[in-house]
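Two complexes come next, and they have one chain in common, chain A, joined by chain B in the first and chain C in the second.
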Partner chain A sequence: MDEKLNQCRENVFCGNLAEMEQFFAAQNQDGISGADVMAALQAGLEDARLALHENHISIPEFLIALDVFRRGVTLVREKQPHLQVEAKSENIIIGVVEGDVHDLGKNIVAAVLDASGFSVIDLGKDVSRERLCGAMEKHNPAVVALSSMMSTSLINIEKIIHHIKMIYPPTPVLVGGASLDRDLAFTLGADGYAESAFLALEEINQLVAGNQHNS
Partner chain B sequence: MNFQSIQFITPSLVDVCLRVAKGSGYPEMEAVPRIMKNEIMTAAQHVISILQPEAVFSVLPVNEITESRIISDAFVVESKRWAALALGCDSPHCLYPFLLSLGRELDISISEMQDRSMTQAFLMDAAGTVLAEEYARQIEWYISDLTLHEGLCCSARFSPGYCDWDTGKGQEQFKKISEASSVDVSVLPSGMMVPQKSISGVLIAAKSLTITTPCKNCRKFECPYRR
Partner chain C sequence: MNVSKIFHALSQGIIPPPNEVPRSVLKFAASAIGLRGKFSNLTTVERTFSALFHKEPDHVPVTPLLCSAARQIKGITFPDLSLDGELAAEVFYSGFEFVGGDLIVLMLDLSVEAADFGQKMEYPHDTTARPDYSRPVIRTVEDYTRLSPVDLAEAHRMQEFLKLCHIMVRKVGFRGLVGGFVFGPAGVLSMLRGAENFLKDCILYPEKVRKACERVTEVLVQYAEAQCDTGIPAVAIDTLFASRSGLPKKVWEDIEGPFVREISNAIKKKGSFVGVHNCGNAPYADVQLKWMKPDVLSIAHLPDDCRDAAELKKRYGEEVTIIGYVSTSLLMRGTPQEVIDECRRQIDVLAKGGGFILAPGCEYPPNISLNNAFAMMEAARRYG
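Entry: the complex of A and B
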């Protein structure tokens, strides 16, 4: 059974979609639980993320692993619609700041966070302060993650962070995007900075851990 | 403002694939795994099949150059560095602002693709960037060739955000062009353009130019846009 789960993990890491689908075609006969398969899928994606971090694979190769992971999750849910997956208790709100509509990077971050078990509330792009605060009121997030690819929307990030710090002071804000660097992120008042879509998970884990420690 | 349009030559599929591979971190095509070659090829083919490239440019005589501005009737470049370049020219003649778009279909297609395949969406986005840069280069060549026939020479193309030209103020100038011309580009209040794969830029034409960019006189050696 372990061997089959390892194969499942390997299929995600290597981006083997066809073999992943074959695995699911045979899964019921093997009596492997959906929760175990889900854990194997997550482990495979984490292997790929770490390999990307170490420059052993390219960004598109990681994305193939992400696509195979998502397909695997769909197949698990098709087979076991009532499967309860152990998820993290923290909500993460994510969005592209007002004035910007580049959302591909944000969507990759959202997919990675979702895959690692966070409950992701994706507000989409061109997100106003009002919409963000409404979502914060409703979901009480552990972290707010904002992205900006345009230098002209940095002013909006700064205003939103300032507002969050006034209304929800304990909630950490992570920022990322082409128009930012670490120094600028902290100058604008952010609590964390993700250099790439793939490093956001570490940063968010640190912010969540720091927030739990402080509370 | 009067506008002229440009016909583009679409680069070959192989050329687009090579550039997407390079942009994705592969130094050469031999380093690309087979599965990735197929993905890149599929994405590039898809993008080329749905492209709707269009561009307009205008020819605007330069009325005045100050220490920080190049002024024509309907268009102003607010940049000390580019104004210094223009002041150093022999008879600065015209500004050639242009707007280029790859069309809205590409934005829609990339957005829809994300549900099915992040890989394809990412590679389509990369192919769109490659093609937008290629078409901007073709515009630069076209305008340079045009001015050459009039005995003029051209600066390199530059855009809002280059050097000290503020992105927001620069994009306000291009908003006037998008509103007055037939090209289907919207400039949002933030300066962002929709469709996303759009490029705004301008060239300065003069009788002669000692430099084509302000880079030679700039000490920002780490600047990623240094030419």
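Entry: the complex of A and C
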């Protein structure tokens, strides 16, 4: 990758917002394509995701990298509004289960999925069954991803999964959050469990591939 | 040694501040109790005391950390538990009577201090109190510098908690150790700012965050001292952000370390024990012990430098009493027998030589049956 693009990638990984702004200010003279810049931004975020998984960086450092990534994407789109971006793949609905308002983990996963090419419908927090089902009806997701940090809201996850299985049986459900582990996730009826933001992407890919194979 | 303080406590029927007694005397007493425990049943206080001083009691002490789960016993609601000290005492005391335990930790919820710093709270009926994040007290980074200390006397939630402490210490008396609770300054600030923004601010604007920690700590020190003044013999400091769920280790030391040391020193000066509670993933036991020098470390997950429970015991078992760490997930999905089996596994590794109190990693899940709390009690009795 070109040195300038490498710098762009590094700016995301290191969370260097000021340098990212400077990069775009200088970019016009260099004639680097918007598509290449997007690829560099995504590579930087992927580097950060891997580093988070390996405990080389922390959650706040990843969040800062994410902010720089988002700023970079905004700047690319401002400069090249007609840039053809690769069509988003499957729809993923994500949200924090009803009764819970802790959305840090969910926000990280949503951003990672979005940067990885999925079309993410983020319903936010304290998502009721009705709102979730409305979104499923509208978007026909490949996977539904639910988050719960509090043990008090786990009963709601179980109810929602049960409802999804009745109404939309082919749609796999992925769960994650501090109150869960793999055994509990499957006891509640989930099809997948994400121990971390890193593993969430791998799990989603597996669930999507499995769903495509079965359909 | 403050003899009058000791006698004053005894005359009220409550446990005296343990650190008012010379350490050598306490160690000797613990040895004697440990020896007695080989031949007869100990009282709950003797059992806990013995374990705290790294002597093996008659069986491992256990606390189910029922907290808000005990509200089911009398049908008290979450909002009443959060807002009314007397009703909260009914919850904790009924849990102690119904299920038992050698230690009661008054973990109400994590919103107490933040509420008194002006954070709008929601009090749902089916879960613990939480901030209304649409209206954070700290909206921008500049708001850290505008944060003012609050007058403890006017702090409603903290005053209700002190009422809870006062009632519980007298109701339980010599039948069990009652521990207080303080959310560390980083935790309080995260409630006022929102966790995501707070975490980033710690990296990007550490000076501003530290200044706010300083102001919050002024109040937390008074709050912890006030808990000790009610007769509480031990106070737990919650330092969630000292873990991989929170800040990098060096950043935590920089942001919160000196301030939790201040709180810890204040508690010790009052003669009480210091506990650290951290239910985050991979907690940083090394730096928490360095800054707070606690008597007790309560965890939900293995520390970042321990591969397994055996290494936990080896690294930290002589320095601190470990409380934990049956998982929330097991308590929710497991049968009583599975819970007993896991407790036995942990007891086998961690209880040898004292220095271990069996407990859930965090508070007992509030909305499930109490069966698995009974299972933990049984495991301690049978295998401890």
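As a convention for this text, the second predicted complex is superposed on the first by the 210 of 215 C-alpha atoms of A that agree within 3 Å, B and C clash if a C-alpha of one lies under 4 Å from a C-alpha of the other, contacts with A are read in each partner's own complex, and residues count from 1 in each chain.
FYI, a contact is a pair of C-beta atoms (placed from the backbone, for glycine too) under 8 Å apart; a residue touches a chain by one contact, two chains touch by 3 or more.
Note that the structure is a prediction, hence the values are computed from the model and not measured.
After alignment on the shared chain A, the placement of chain B and chain C results in a clash.
Contact with both chain B and chain C is seen for A:L63 once the two complexes are overlaid on the shared chain. When both complexes are overlaid on chain A, the residue A:M150 reaches chain B and chain C alike. Of the two partner chains placed by superposition, only chain C is touched by A:D183; chain B is not. Of the two partner chains placed by superposition, A:A209 touches none, neither chain B nor chain C.
Contacts of A:A111 after superposition on the shared chain: chain B is touched, whereas chain C is not. Clashing C-alpha atoms with chain B after superposition occur in a single stretch of chain C, namely 255-263 (options considered: 21-29, 255-263 or 309-317). Counting contacts by the rule stated earlier, residues 15, 58-61, 63-64, 67, 99-104, 107, 150-153 of chain A appear in both its interface with chain B and its interface with chain C. Listing the residues of chain A that touch chain C in their complex gives 15, 55, 57-61, 63-64, 67, 99-104, 107, 150-155, 178-181, 183-184, 187. Contact residues of chain C toward chain A in the complex are 124, 126-128, 130, 133, 195-196, 199-200, 202-204, 244-248, 251, 281, 327-329, 332-333, 365-368.
By the touch criterion given at the top, residues 24-26, 33, 35-36, 39-40, 110-111, 114, 117-119, 121-123, 125, 161, 167-168, 171, 188-192, 194, 196 of chain B touch chain A in their complex. Across the complex, chain A meets chain B through its residues 15, 58-61, 63-64, 66-67, 70, 98-104, 107-108, 111, 150-153, 156.
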